[in-house]
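Here chain A shows up in two complexes: once beside chain B, once beside chain C.
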Partner chain A sequence: MPWAELVQYVATGLLVGGVYALMSIGLALIFGVMRVVNFAQGDFMMLGMYLTYFYAVAGAIDPLLGAVLTIPPFFVLGWLVHRGLLARVTGGGDPQRQMDAQLILTLGLSLVITNAATMILTPTPRGIRTAYATRAFALGPVLLNQARSYAFAMALVLAVAVYVFLTRTDAGKALRAAADDPEAAAYQAIDVRAMHGLAFGTGIALVAAAGGLLAAYYPIEPNVAGNFIVLMFVAVVLGGLGSIPGAFVGGLVIGLVQSLTLLVLPFQLQNTGVFIAFLLVLYLRPQGLFGRRARTV
Partner chain B sequence: MPAPYRALSLFLALVLLAAVSPAPLPAADDVKIALVAPLSGRWARQGQLKKMGADMAIEEINGQGGIKALGGAKLVLREADAGDSVEKAVSAAQRVLTRDKISAGIGSWLSSFTLGVTEVAERLQVPWLSLSYADSITERGFKYTFQTSPVSSVQAEQALDLVVDLGKKHGRPIKRAAIVGDNTAATVFFFKPLREKLLAAKGIELVVDEVWTPPLADATAIVQKLRATQPDIMFYGGTNFPDSIQVLQKIKEFGVKTPIQGVGAWLVTPEYVKAVGKELLDNIQSVVAAHPMKGQDELVKKFVQRTGEPFMTQDPLCTYAHVWLIKEAIEQAKSADPKAIRDALAKIDVSAGPATSAFYPPRVKFDERGRRIGAAPLIVQWQGGEPFTVVPAAVATRAIAFHK
Partner chain C sequence: MRSRGWLAIAGVVVLGVALSLLLQERYHHRVLTLVFLWAAMGLSWNIISGYAGQISFGHQVFFGIGAYVTVLLVVKAGLTPWIGMAVAMAAAVLAAVLIGLPTFRLAGIYFGLATLAYPLIFRIVMDWLGYQEVAVPMVRDRPGWFMQFTDPRSFDLLALAVLAATLVLSRAIETSRLGYRLRAVKENEQAAEAMGVDAFRSKMAAHMLSAAPAAVVGAVYVHAILFIVTPEAVFGLLVISQTLVVSLVGGTGTLWGPLIGAAVMVPVSEVLDSTVGDRLPGIQGVVYGAALMLITLYAPEGLYWRVRQAWQARAARGALLSRGEIAAPAEAAAAAGPGATVLLDVRGVSKSFLGLQALADVSFEVREREILGVIGPNGAGKTTLFNVLNGFLIPDAGDVRLGGEIVTGLRPSALCRRGVGRTFQVVRTFPRLTVLENVMVGAFVRTGGVEPARGIARAALVQVGLADRAGALPAGLTTLDLRLMELARCLATSPRLVLLDEPLAGLSGDGVAVMIAVIRGVRARGATVVIIEHTLQALLRLADRLVVLDQGRRLADGAPEAVTREPAVIEAYLGQRWLARMGSPAC
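Take a look at the complex of A and B:
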């Protein structure tokens, strides 16, 4: 195989993985801090795509900017969903019953959002036409899709911003403390419930922004979450449950494996490569790639 | 419970109730027909279009006095969501056909779904009309399944003949071909004869053969192969809209100029114009079972006014005709009993009226397998942001344009 073709496969995989990575860190943040498996994560991504679409239609706002503008409203939405629903089934009581309740709650929320979106927004796919969706940066014989390149760069910036927030700010440190040991954090006058609200709001805002970036080149429909939700969970588990850097790397690895699988397997088995890699990682390193940091943020 | 939580809970409960509430009960002598189509999931748009066609036909029939042989009985549609998997489609069919006394059914768009749903209909002895293409739908000896579309293998043969003739006529003979698409049943049955015999019989080399399972993560690898081999034609079957958009966007990005011959009506729906623009679509053609033909302006106009859709396509057109065909069968059977309607459909021979409006040639008579005798496909081509019937010339609404 010519080297250029191999480089093309690697570059494509990384660009695809960049958005998977941003989708996944929101999920990892929520799990890391709250121990909540949010099955509705993909549906919030879908809503983020729609909001970006409406920004584009109503205000002629470019989806790359629109993606950033989804962050504040979705942070508020996430915070409200936490206060109104999740806080009622988390943060006290029998852990096993809490786990059951939050699984049922997020799954139910996912069904309600998808069906409400189908009823209200109709199943007709929509799309934002951008010139850069069908243009490429040419690096010699290697072509990098412009929309995916911009989305990758913005995903990287947002991921770094989250990392800086968690490691360099008081609120971020309090969030990590609440994730590490809620009881000890409470003794330090950290409002754990507020931290859970902050984590859920941030996690939802991040996945909505990922949806906004995706909307720059991917059609929008009420069921679009189904195309990504399994990969999000695989990325989070691959990277080490609850680890933000792990989820980011997990997302990149999935994109890369999807792309490189095509060198040895037919297209129909593209995701087989992902799941083989997933099983291998779980077999050789059950705690995930960033296992030592598992259950921390 | 604090007031805001109560309000939120009430809202969610209302949304859930709206989703599960049954439709209003019909009068005792109404005739119920089932539509099992994807109303959620990645093919929901096609289900929505099918429902538009069914609703329009039912409104017309009931507005014209209902079923005369049954004293003016009204037709009532019972729709069931086939979702996005065969299991869900089968479950939906089972539910709708056992919950109510259904006289006949229509569905389920995707051939993979139809294969499952018709098994349920056969077991419960309810006649079933389908627009799906897969050959195997009517190769199982079923007595209650009626397929109005030309089967995939016939479509493959005719589409190949057309592109070969066009190539010759324009001095660009087809020597190398690509097969690109997903592995849903209709596409599989279209590609199979091309791959196994038809291309070789015409001396055409198959240079790209890429089939994926939806959803497609990225189309770069496929289009890279197209760019490297530069085939003279690409047979294309990407039924899932996001997959198809990714392929078309990538084709533009990589500057691939290979002409595209699609497989099915999914490629000629209005949302394509918004997603990729009319310039990219121009001259892309697709082989379909139905599309508005010459002389159907009034029907299309009525549909457009009623639904707000920019144009009419195979899915509403076929479902519209299917409802009318069921009405004809009930009139002939003089009964709403499913077995009597099945027998009437097996013997039916109509050559005019709305029951034949979707079909070419405009005659509905089924053979012993349940296939419409003489069913032939149409070729539809995008021109200026709208798809027009271009082949056969007798019913074409525009002349065919050669790929530039």
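Take a look at the complex of A and C:
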């Protein structure tokens, strides 16, 4: 097969994967710190897309900047959602039941957000027109869509920012401590509940920003969450539930898998490769690439 | 008391028929049909996710298979859906096996995530195969033969029949051995395994039993409501959402839950959809989402359990034996001493964990009816040894022979069925089962019937002296009673070999005396006992022989007096002061 074609698919896959990676980091952060699988993650992304659209329409703000501007409001929203809803679910003290209950809660939240958005914002797809969405950089024989390239670059910047936050700042270290061992963290005067709020807020802000970047080249409509939520789950599980670098790598891999699947399967089956990868990871290496195996007996 | 459940089911059927006859408008019949169908769907989900505790987010895959197989058989082969339904059921059960085989190896959250993938895969495949829209062909001649009724009452009754069958199935599971085993697996899978419950087979059985009704519901749903099958409509998110809402709002783990959930939620959402659905598309989704959120926040166990708790004061479930019965352990027959034949033969067992050598070439024998004590400092490998003997761990090297048969590598439930019983360092109860029900789980190793199991369980409780606490929940028990319960549960499996992991930990002097008497009674009835203990004084009164482990190695093996005087043992574990104290007459 012509190598140029293969490289093209790989390049496209990586570009797309970069945005998936940013989406997935939010999910991984939330799971890593709170042990909550946030079913509503995709829906917050959708809301982020709409806010970015609003910025573009009302303020002529470029989506790449708009994406960054979604971070503050969505951080606050995430914090409030945690404080008002998730923190109230305790499962009667049993951690497994608490996890199940929080999962159901986020599923319910997802349904509410998607359907309320359909009602209020109408199902008509919208798009943001940018000059660069239809142009491409030429790197030798390989064409890189400009919108996707810029989105990829921004995603990298934000991911690095999160990484620096987690590893270099005190707040970030407190967050990781609360994730590793909540009880020990509490003894170190770390407010674990506040850490959960911080993690959830950051996770939501990140996925909203990813949505904003996506809005630069992807149609915006209320049901868009459905297309991406499973991709996010796969990326996070592939990387190792709870590992941030893992989620980033997982996102890139999923982008690649999705793109390379197109070499052998028609467009409609594009996500089949992803689902099969999902199942393979769960069976062969459930702790993912960077995850830790828990002791059982 | 047991027949009350069946009567209640009959009552529901009668009520359903009455409603069907009373309601006049076509639209009301549609709502009634939907209530029956979603209740049945919720019940089917409840079998795998409520009774067995394996929360599935992909149960609609069986619904969709039922719908597609039935309709495709009508379209392609002209096969009547009455037979097509049976084929669809078989297809769904097969799918349940194929899905369950790999997926049940996953624990906790991974299982739930994996179940998400299957309906998505089916959706994509159906799209790709060109079945985006398969319409049920209208049949003029003998429409009933093709499940196409003009009178909406017929659909009501058909849906009611499906519901009734699913109720009967649920009730049958609840009152059977499988039902007890599923609850045990749900409460504490490892303890269940140690009590002889093959968790994988139980889950698989529940999975298959949950798939069949879902497929039938799917088939009927297509003919009564949908008429056109699309992948989104039968494999999509709204199906599982509706199933979850109905089951969670009503209450899981009981057949009344989905009934109540459906009776409440379906009419509400249908009415909303028909009144404001045009102006507010998606109102159903909002209602379901809000219901899930509200139920999780305010009544996570579901309406049925919440109402039951509030209505019925937690009256003592009562002693199943009168208070006059013996509260002390039953006296054993004349104690027989250790025999000569070797029951347990451990040879060269080694086990390491990522470089930490937990057990290194450990060998010893245990003779029949012997009481063997295993002692050693913390981290010596004692519990690891038990985990190997019990089947929770597979050794890197070495063999374990039980009665001459090599049993290394068998899973815990298999070992339990061969006569190896075990209690745990930290008592592992089935928290929401009563004491008697806890013990019955063990009894099911020896019998298939619920009544015989109850009898065996009662006898075990009498043997340990816990008969008057039979109806209590584990949460209300003292440490001693909890340990006695765990021991009774183990004894109900009729073990040849009983492994006790620190049975005296946390007990006061009186408790220790009771436990020692019970253990002696266990041996007197012919079982062999191996005990890990730190309470040396007590163990010396009890054990015929001691094995000392230190850092994974067997340090000493022999009669207690001799072993406790060996210099290596004193050095590693006992200490000189202990020896001095032992020498004094005040012990």
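We adopt the following convention: the second predicted complex is superposed on the first by the 274 of 297 C-alpha atoms of A that agree within 3 Å, B and C clash if a C-alpha of one lies under 4 Å from a C-alpha of the other, contacts with A are read in each partner's own complex, and residues count from 1 in each chain.
One rule holds for everything that comes next: contacts are C-beta pairs under 8 Å (C-beta built on N, C-alpha and C of every residue); 3 or more make two chains touch, one makes a residue touch a chain.
The shown structure was predicted, so the numbers you read here are calculated from the model rather than taken from an experiment.
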### Message
Contacts for A:Val112 in the overlay, against chain B (first) and chain C (second): which applies, first, second, both or neither?
### Response
both
Looking at the overlay, what does A:Val89 touch: chain B (first), chain C (second), both, or neither?
second
**OP:** Identify the partner contact of A:Gly226: answer first if only chain B is touched, second if only chain C is, both if each is, neither if none is.
**Re:** both
Looking at the overlay, does A:Val37 come into contact with chain B only (first), chain C only (second), both, or neither?
second
Check: Which partner does A:Met99 reach: the first (chain B), the second (chain C), both, or neither?
Finding: second
- Message: Contact-wise, after the overlay, does A:Val237 reach chain B, chain C, both or neither (first, second, both, neither)?
- Response: second
#### Entry: Touched partner set for A:Thr124, first chain B, second chain C, both or neither
first
If we overlay the two complexes on their shared chain A, which of chain B and chain C does A:Pro266 touch? Say first, second, both or neither. both
Would you sort A:Leu279 into first (chain B), second (chain C), both or neither based on which partner it touches? second
On chain A, the footprints of chain B and chain C overlap at residues 85, 88, 112, 114-116, 118-119, 123, 226, 266, 268, 271
The chain A residues in contact with chain B across the complex are 5, 8-9, 12, 16, 84-85, 88, 112, 114-116, 118-119, 122-127, 129, 133-136, 143, 145, 217-219, 221-224, 226-227, 255, 258-259, 262, 266-268, 270-271
The chain A residues in contact with chain C across the complex are 37, 85, 88-89, 91-92, 96-97, 99-105, 107-116, 118-119, 123, 226, 230, 233, 237, 241, 266, 268-269, 271-272, 275-276, 278-279, 282-283, 286, 296-297
The answer for chain C against chain A in the complex is residues 55, 57, 102-103, 105-110, 112-114, 116-117, 120-121, 124-125, 127-128, 190, 237, 241, 244, 248, 280-286, 288-293, 295-297, 300, 387, 392-393
Note: in the complex, chain B contacts chain A through residues 4-5, 8, 12, 15-16, 18-19, 39-42, 44-45, 47-48, 84, 183, 210-213, 215-218, 220-222, 224, 241-242, 245-246, 249-250, 252-254, 271, 274-277, 280
